[in-house]
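What follows is a pair of complexes built around subunit A, which joins subunit B in one and subunit C in the other.
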Partner chain A sequence: MISAYLDFIRIRFLMMLAYRVNYYSGIIIYAINIGAYYFMWRAIYGDAETLGGFTAMQMTTYVAVSWMARAFYFNNLDREISNEIRDGSVAVQMTRPISYLMVKAMQGFGEGLFRLLLFMAPGMVVVKLIFPIELPADPARWLVFFAMLWFSFVINTQLNIMTGLFAFFVENNQGLMNLKRIAIDLLSGVILPMSFFPEWARAILNWLPFQAITYLPSSVFTGRLNGADVGNALLVQIVWFAALLVPIAWMWRAARRRLFVQGG
Partner chain B sequence: MRLAQTVSLFKEYIGNYIKTKLTYRADFWVEVMSDLMFSAMNLIFIFVVFRQTPALGDWSEAEVVFVYGYFMIPYGVFSTFSNLWNFSDRYITKGEMDRILTRPAGSLTQVMLENVDPPSLIGSLVGVGIMIAAWLKLGLPFHWYDPLVLIVLTLGSTMVYVGLYTALAAVSFFSDAPTGIVPLIYNIQNYGRYPVQIYNKAIRFLLTWLLPFAFVGVYPASFFLERHGDRATAWLTPLVGAAVLAFGLWVWRCGVRRYRGAGS
Partner chain C sequence: MLAIDVDRLRKQFKVQKNREGLKGALLDLFKREHAEVAAVKDISFQISQGEICGYIGENGAGKSTTIKMLTGILVPTSGRLLVNGYVPYKERERFVHGIGVVFGQRSQLWWDIGVIESFRLLRKVYRVGEADFKRRLDELVETLQLQELLNRPVRKLSLGQRMRCELVAALLHQPSILFLDEPTIGLDIVVKTEIREFLKRLNREHGTTILLTTHDLQDIEALCSRVIMLDDGRIIYDGGLGELKERWSKGREVQFQFTAPVGLDAANAWTRGMNVRWTRENELTARVWIPREMNVSDVLSRVVGAAEISDIKIFETNTDEIVREIYKTGSPEAKEALRD
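After this line comes the complex of A and B, so read on.
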């Protein structure tokens, strides 16, 4: 059973490998985006030592690692799922003796793994050469970061699955998918760390799952969170992971009752 | 004669466009909302950042917002008339270019009209609104000729876009493999949203003379800004636009001449 899921990871990984040329330009695109925000932040800092609790150096590192982490956790599972629901092929997948949602998650992981090895790793080297960033010296921090990165992927994938499953309930969930993508970019901390938001917005954002995707792992990586805070950050991610399982299970059950495939 | 023909063609295409869109009204609004959400995200970024810092380089918040408002206007016009994002896939790989070339109207005109996308114009209107709001906040003087200048500059900026993306679309005449160059340029374009003065010399040179994205945002917008008023550079906008457009059309023509069809 497990080996079937592992095969889904492997197949997606190999599929991505077949189209790897697209990814070389992707690395440059990410470097361009990081560059835009690097200059932006440099101008924002001006003579200021720290803003929102970040030093200028930490901020540059934050921007770089956040974009690179995004390469790993980003996937289009919402689109894939909603397409399969709309064209009805989800019905065929449901008859198989394996969990449809797990298969999707594994395919997403195969894609993420590919990007981690062939995109994020070389990308980080390129970024390190171009921009003044500071990598953590402590190996334990790297370890925690990778654990947190794993949860970034899981939580982002859960949100994608939920968005995709909405196609069962509404005719057109394109708008919802776009909204989700922008919400994740803005509210997870890729373009702006949470600590820059006004107090009232932060109070709300602390109760949303988005910060667990980028802000928490990147804050640990840059050394802004230390000691017990690191453990807390990891705990927040684990709690969100567990909490999001509930609506997914509920949606999936409700969806199966609604499913009605025309023709075939 | 040629122009009258194009205008009547335009009317026909718009008529067809409206008919299809009225069938799927929800999709229309989803598209509009998605465009606006992306701009809202960028504006939120600006607002949140300026809570931490009084100025970006020597640009105030209202000035940066003013530039962003201007940036939205030509971009909306360009996206309406020159929606070439899927050109390579639809016209070259699937061979629809053959159909275009058997007709008497200009090939680029037809491709543009087939993909006309009026909802994007709403982005331009929002841009005008943002500009007016920033204008009032800055207490800028209003001259009778300002609206006329705005129209001329908008046309210039739009020509920069159309020229560059036409040239890029025409690249697929020479190589039908996905080059990944369009997303690359698209991301560089984002640098034009903010004052180019915050970038280093090399990037400023690139944005002024090689990929003149500074002419779709900050240069023309600074015509109206008293403190940054550099009218000579602003007046270069229509000239640069004309030059880039001429280049784009030249590449297109070379491409069409080379085109041999997909062979199926």
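After this line comes the complex of A and C, so read on.
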């Protein structure tokens, strides 16, 4: 059984390799984004030493690592699941002795792994050469970062799966998918770190899963969180991972019982 | 032993009602109205092991919904359901090891990878041993002649090639029941025949139980010893194909080829007082439908006496027409007659 799931990872990895144009255009998009944010933040900082608790150096590192992490955790599972529900091909997949959602998650992981190895790792080297960024020297911090990156992927995938499954309950969940996409980019801290939000907004965001996707791992990586805070950040991720399993299981059950008309 | 045992099976869907006009659309935005629609209405039937059973009915009669319940995709609203000794939706992952499913309109192969890669993946999904897999694959590839296709990606296959690959994909794990939802849709006659031959052989050699839905009644005639006919969610006929034909063949048709042009009015005049129906095919050709209780020769003698004829052909009503008739009339008496 495990080997079947591993195969789904492998095949998605190979598929990503096959579509090379997507790969190259992805590199360009990320390079432009990192560059644009780098110059924007430099302009904002001006002569200022620190803003929102970030030094300029930390901010550059934060932007670079956040976008690189995004390359790993980002996937289009919501769109894939929603399409498969709408065109009815989810039915075919249910006739296999394998969990549909698990297969989807594995395919997402294959995609993430591809970008981690062929995109994020070389990208990080290039970024290091071009921009003044500061990588952590402590190997333990790298280790924790990769553990947190793994949970970023898991939590983001869970949110994607939930968004995708909404297609069972509504006729068109395009709007919801767009909303989710913007919510994750904006509220997870890719575009703006949490510490720049006003106090009241931060209080709300602390209770949402989005910060666990980018802000927490990137803060650990840039050295803004230390000691016990690192453990806490990891704990927040684990709690969100466990908490999000509940609505997914519920939605899946409800979906099978209730609506399955689409596509006859 | 029974392969499929269905007792008062029912499936209801909640369907959104869309109100009309701008006002209705605005109201819908805040409060949706739902209607309960029953797609399958308390049907019961049993299928024994090794049987090939055709499941027919108009579009929307509830065929696909039934298949989806039998394969564990849908959860029934009520009723009892036992397939291969399992309640499909309850123990889905264990249950599906024993069944194979082909949906004619959707692919179960992975679009972007080679056919053989799909098969290998399925081997792992179904946990088939390497030796078993190889033996089975060789056998299937040989009977369906897929040798040259194995390395091509699925998206480059023609529909006929793809459908043969779908069959292999559904059979690699040696299921004892095969569900086919319109397996021959869109295929040319050669491929259709090949697939029918293959299914017959599968049933003969491996004793596989087959349940197929189709709109092509030649599939049924070629394969099935038994048909279940569905209309509006209810079973209106369950029995042999021969019996269906006998009970429903309401008459014969005679085609005349005349030497001079003949109009419908003239033809009707010849058979005045007879309960027959003329249709004109072209200037020189016309058909007359004769009900079962009437003698063909009576009609023939009148026509022969009235016009010069170059050719005559007599047609028994075929299954297509019978079924079309049942679908079309849909009259309660007709269905009553079938049910008793």
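The rule is short, and it goes like this: the second predicted complex is superposed on the first by the 257 of 264 C-alpha atoms of A that agree within 3 Å, B and C clash if a C-alpha of one lies under 4 Å from a C-alpha of the other, contacts with A are read in each partner's own complex, and residues count from 1 in each chain.
Operating definition for what follows: a residue touches a chain if its C-beta (ideal position, glycine included) is under 8 Å from a C-beta of that chain, and two chains touch if they have at least 3 such contacts.
Remember, predicted model here, so these are calculated numbers, not experimental data.
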| item | value |
| --- | --- |
| Partner chain in contact with A:I28 - subunit B first, subunit C second, else both or neither | first |
| First, second, both or neither for A:A43, with subunit B first and subunit C second | first |
| First (subunit B), second (subunit C), both or neither touched by A:L17 | neither |
| First, second, both or neither for A:P198, with subunit B first and subunit C second | first |
| First (subunit B), second (subunit C), both or neither touched by A:L245 | neither |
| Which of subunit B and subunit C A:G88 touches, first, second, both or neither | second |
| Partner chain(s) touched by A:R256 [first = subunit B, second = subunit C, both, neither] | second |
| First, second, both or neither for A:E171, with subunit B first and subunit C second | both |
| Overlapping contact positions on subunit A, where the subunit C interface meets the subunit B interface | 171 |
| Residues of subunit A defined as touching subunit B within the complex | 21-22, 24-26, 28-29, 32-33, 35-36, 39-40, 42-46, 48, 51-52, 171-172, 174-175, 178-179, 182, 185-186, 191-192, 196-198 |
| Touch list for subunit A against partner subunit C, complex | 1, 3-4, 7-8, 11, 14-15, 18, 87-89, 91-99, 171, 256-261, 264 |
| Of all residues in subunit B, those that touch subunit A in their complex | 26-27, 29-30, 33-34, 37-38, 41, 44-45, 48-49, 51-53, 55-57, 178-181, 183-184, 187-188, 190-191, 194, 198-200, 203 |
| Complex contacts: residues of subunit C adjacent to subunit A | 13-16, 60, 64, 68, 71-75, 89, 92-94, 96-97, 99, 101, 103, 106-108, 110, 112-113, 117, 120-122, 124-127 |
